[in-house]
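Both complexes shown next keep chain A, but they swap its partner, so chain B is in the first and chain C is in the second.
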Partner chain A sequence: MTDQTLPIPASEPARRKPASRHVIGWLQAAPLALVLAVFLVAPIVMIVVVSFWGATEFSIYPAFQFDNYAFLFGSDVTYRVFANTFKYALITWIFTLLIGFTVAYFLAFHVRSLTWQIALFLLCTIPFWTSNIIRMISWIPFLGREGLANSTLLSWGVIDAPLEWLLFSDFSVILAFVHLYTLFMVVPIFNTMMRIDKSLIEAAADAGATGWQTLWHVIIPLTKPGIMIGTIFVVTLVMGDFITVRFMSGSQSANVGRMIQNDVGLLQYPSAAATAVILLITVLLVIGILLRFVDIRKEL
Partner chain B sequence: MEPRPRSFYVLATFFVLFLAFLYGPTITIAILSFQGPSGGLTFPMRGTSLHWFRDLFEQQAVGDIWGSFSRSLVLGLMVMVTTVVVSIMGGLAFRKRFAGSGVLFYLIITSLVIPSILVSLGVGLIWSQAGLNVHWSTSGFGAQLTWTLPFGLLIMFAVFNRFDPSFEEAAHDLGASPWQTIRHVVLPIIAPSLIGVALFGFTLSYDEFARSLLTSGSYNTLPLEIFGMTTNVTTPVIFALGTLTTLFSFIVIGIFLLIVWLTDRRRKRSGSDAGKGLV
Partner chain C sequence: MESALDLEFVSLTKRYGDAVAVDAISYHFTAGTYACLLGPSGCGKSSTLRMVAGHESVSSGSVLLGGRDISHRPPAKRGTAMMFQNYALFPHLSVADNVAFSLKMKGIDATTRRQRAGERLELVDMTSFADRIPAQLSGGQQQRVALARALITEPQVLLLDEPLSALDPFLRIRMRAELKRLQRELGITFIHVTHGQDEALALADEIVVMNAAKIEQAGKTRDVFDAPETAFVARFLGSHNVIALPEGKVAIRSDALTLKAPDAARLQGRITNIEYQGTHVALTALIVGDQEVTALLSDTDFFGAPKDLGEAVGLDWDNQAAHALSA
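Entry: the complex of A and B
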């Protein structure tokens, strides 16, 4: 890794010998490195190791066998569940992108005072700091069989009987995903948009571009890094989720996270670990593809 | 000022609808938590009362709410302090471009994007194979740090990217030791961002679910307790609890934002005007 590609420019005055720079750097980074080693690297290693272990009904034992993977790849369920996971990720991505982009665009280009921009932006981000579980629960009065949506539609005469698919269905799962994760799109897109030089937009207008042309040929290309970062957030959060699917589908749909959680519930840790390894590889592949479009380190 | 284009009104309407979508459900359960004693989980309201709030405070039939709340509070504070300290040190370290910092940077990103259940499962497995009991203050604490630290560090990276090194040079020229420079120059300058890091550290920990699930042991944190309730509680008491804990989150967020605003204002008022006359 060369110096130019590091996230942080050497903004500290260089007055020490290089050797002590590395030593002090590592001393300062030691707590961080320690936490990541124990609670990130070691768990991943552990999962990879355990994915080759065997399990009885009550316990797991060390081994080196490919049974868990063989079973995983030999089962139709695996492919269906993975396909379902991708489906959730794709649909959620489309909605969060469209909504997030529009919201960020409004904030960045149509709200004129900085104070208002910050205030409205905060309003969009505050739910991020509250409980996801509560935010899921709060859909019950809306979507339930006797919920607001059904009773409103009934009273308007749009439907004759309550819609059953509003709650505990793919619909409610995706609705909850969009509800929970759109702000992960809004924040990075707004952040990139705020850095766009406003004179570029004036230039486009002066050159005769319509509003749509400016949007398509100027703003969207310049916003791409923000879109990519938002995409990475949304896709990884949805692909790794298990609780939203569990709660909002009423255990009727499955994704990979649910599969892992099921195995854990049955104490089949090696099988859960094998699924987790495949999930991790899948997520990293997706991120790897997305990172080809953006250099995260430049965006900080 | 030129008149607003028509697109402004279209987008403003969209924005308002988005906010309604964002906050509507929360407001709804806040209203429903005032259901009368015979009311259910949906409208209509059967009278209004504080019945369900009283339930929370009186009987313990709904689980160990106050115990789990105090655990979440303590854990949130532990995670907050650790996140702030480790993020500052990490932020300072990364400015030195020490050998291996690239690897560490990618680990931070991995920590952010890794599916939470892997952390939960992996930490749980390590603890059980080591013959230890998972506990919220040890394994749970560490698992949550893998979620809060990336946010703290990314904020620190953004801060130090915009940090003017001439302040430090000036301090150094005036004879300040490295520690004095950090204590009296760097820290005061980055203070508002540190409040932001603290906000992330506390709230993300307080609401964390997935990474705590297999790492917290037999004593639940509040989100785990609430999730447990969803499977067996079918009265508005769960809305009352949801309303209270959301309110608590709002108060915490409000306090943090107020501190940021106050420090910012104080700095503007009492800050030096040196250099301003030059431009």
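Entry: the complex of A and C
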């Protein structure tokens, strides 16, 4: 660092201005740039670097080799796990979208008073007052073999034997995902819906549109940016998750997060890093594709 | 004359809980009339319009169109179309798609839709904007599109909710002429809600002055303006003085007042304000009982015998210019 760009004495106001403006600009940008550099860029660079390192059963060593990637792409398991991750993301997306849209629609268009809208909206956030893991685990006594769901169904005579697929299955994983992440769909969709001018709905009715036609031709198109933001939340959360899959599948299914967690557990950092890099690229691609469909800039 | 397409209110009432927004109003609009519902905000004029449109339920009474009760029909099945105050154009649809929206809802094919939307856009002179989206249009252009969209349903009654309030004064006067032209060409009934008396006078064949949920006075525009029945109507329409005389309250148009020598006139006053308005001079005088009276004099009359502030003047009028007020 030199002092050349620092303020020049006030006797030269004309020359001083551009130079000091640059300095102030850099200084203003510096805190955020620093935070991003330290907490976002550096870790990612680190992961990318480590993903090229080598590993033995008991050590890792710096190198620049493609072994980790070669192994990753050469293995059948990778494709199955990625496919499974996409499956979770897709099914969770469908359910969170349906539920989230319905809830947001109800709040935005059927609840007339703002007070009630805010009250009901806050009600939706109550589950978030406890930790994710606790909310997840609380499903276990409900869904288990001897759980509340099975015993109720048995006592009603709906089933003869306990349902095995209620817990530690894809069903329970997706149930937990939907439970955990629906609010991430509700919030942006509700936000977009609240900005829709109510007279548009009257205008649609004036033009003879039925309720469904209004929904399809007016509300959904105008809610797209919110749907897209919610979709990005849900998809990235589900694709990056490992803890839900571990608890709710009883370690019987895997997604990419679990794969990385396994590698980390075995101290195979380079392999974990390579998987993480591929996951990151995959998620970015998915978001890139989503953004091609809808312009969310006007929402931000 | 009773026509098949007359619009009629029969003790039309709107209640919100205990509050009465529209209190049993009755009125008959002859088909093809340009009518203005005029009144201050909160007088119930918008609620009335929305009840006609079907966007507000009718609490009691009814709206008849061509003798049929339409009070409980869905908005699109009434033979009315509404033009909203903020136009309510669909922001995600092009101008042509906005206009053709109701046709699309009916399941009419795209070519016919396009063609009929084109005809309506031509009517409002917006053909070259068919592919734009509303955000790319000015306020006046958006309004034309909204008009075209309302007219495509071929309504018998067009309802306009403060259609000019969002425009700047210059555009307002231009669109005013446009609305009048359209109404003449289409020959359908226009019901136009406004709080601007100049707008109402300029456009309406008939005006319905509303106040506090009731019709204060209604009739042919000139009849109402020339003979206001209540102080409210006289004041709201403007250009009138409401003067309390020993024999009761009267309304006298400000241009019907003439200046005379104080001892030769019925009223004596002292000039408090002189306002030059170009073609006219508005002269305000304070008379008995601290009442302000404005006389509108032509500039030749005033400058022929100029007056000064504080000068004593006499104000007089022809007997038929004074209208006794009931309230």
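Annotations
What we mean here is this: the second predicted complex is superposed on the first by the 266 of 300 C-alpha atoms of A that agree within 3 Å, B and C clash if a C-alpha of one lies under 4 Å from a C-alpha of the other, contacts with A are read in each partner's own complex, and residues count from 1 in each chain.
Basically, contacts are C-beta pairs under 8 Å (C-beta built on N, C-alpha and C of every residue); 3 or more make two chains touch, one makes a residue touch a chain.
Just so you know, these numbers come straight off a predicted model, no measurement behind them.
Look at A:Val103: by the touch rule set out above, it reaches chain B but stays clear of chain C.
When both complexes are overlaid on chain A, the residue A:Ser138 reaches chain B alone and has no touch with chain C. Look at A:Ala204: by the touch rule set out above, it reaches chain C but stays clear of chain B.
In the superposed model, A:Leu266 lies in contact with neither chain B nor chain C. Once the two complexes are laid over each other on the shared chain, residue contacts for A:Thr130 go to chain B alone; chain C is not touched. Contact with chain B, but none with chain C, is seen for A:Ala276 once the two complexes are overlaid on the shared chain. In the superposition on chain A, A:Val77 contacts neither chain B nor chain C.
Contact comparison for chain A: of chain B and chain C, B touches the greater number of residues. Those residues of chain A lying in contact with chain B across their complex are 1, 3, 5-13, 15, 21-33, 35-36, 38-44, 46-47, 50, 99, 102-103, 105-107, 110, 112, 120, 122-124, 126-127, 129-135, 137-142, 144, 146-148, 151, 179, 182-183, 211, 232-233, 236, 239-243, 247, 257, 260-261, 264, 269, 272-273, 276, 279-280, 283, 287, 296-297, 300. Interface residues of chain B facing chain A in the complex, by the touch rule stated above, are 1, 4-5, 7-8, 11-12, 14-15, 18-19, 21-26, 28-29, 32, 40-43, 85-87, 89-90, 92-105, 107-111, 113-119, 121-123, 125-126, 129, 142-143, 145-146, 149, 153-154, 157-158, 160-161, 163-165, 168-169, 172, 199-200, 203-204, 206-207, 209-210, 214, 223, 226-227, 230, 238-239, 242, 245-246, 249-250, 252-253, 257.
Contact residues on chain C toward chain A in their complex (touch as defined above): 53-55, 74-77, 81-82, 84-86, 88-92, 101-102, 104-106, 149-150, 153.
Within the complex formed with chain C, the chain A residues making contact are 197, 199-200, 202-210, 213, 217-218, 221-222.
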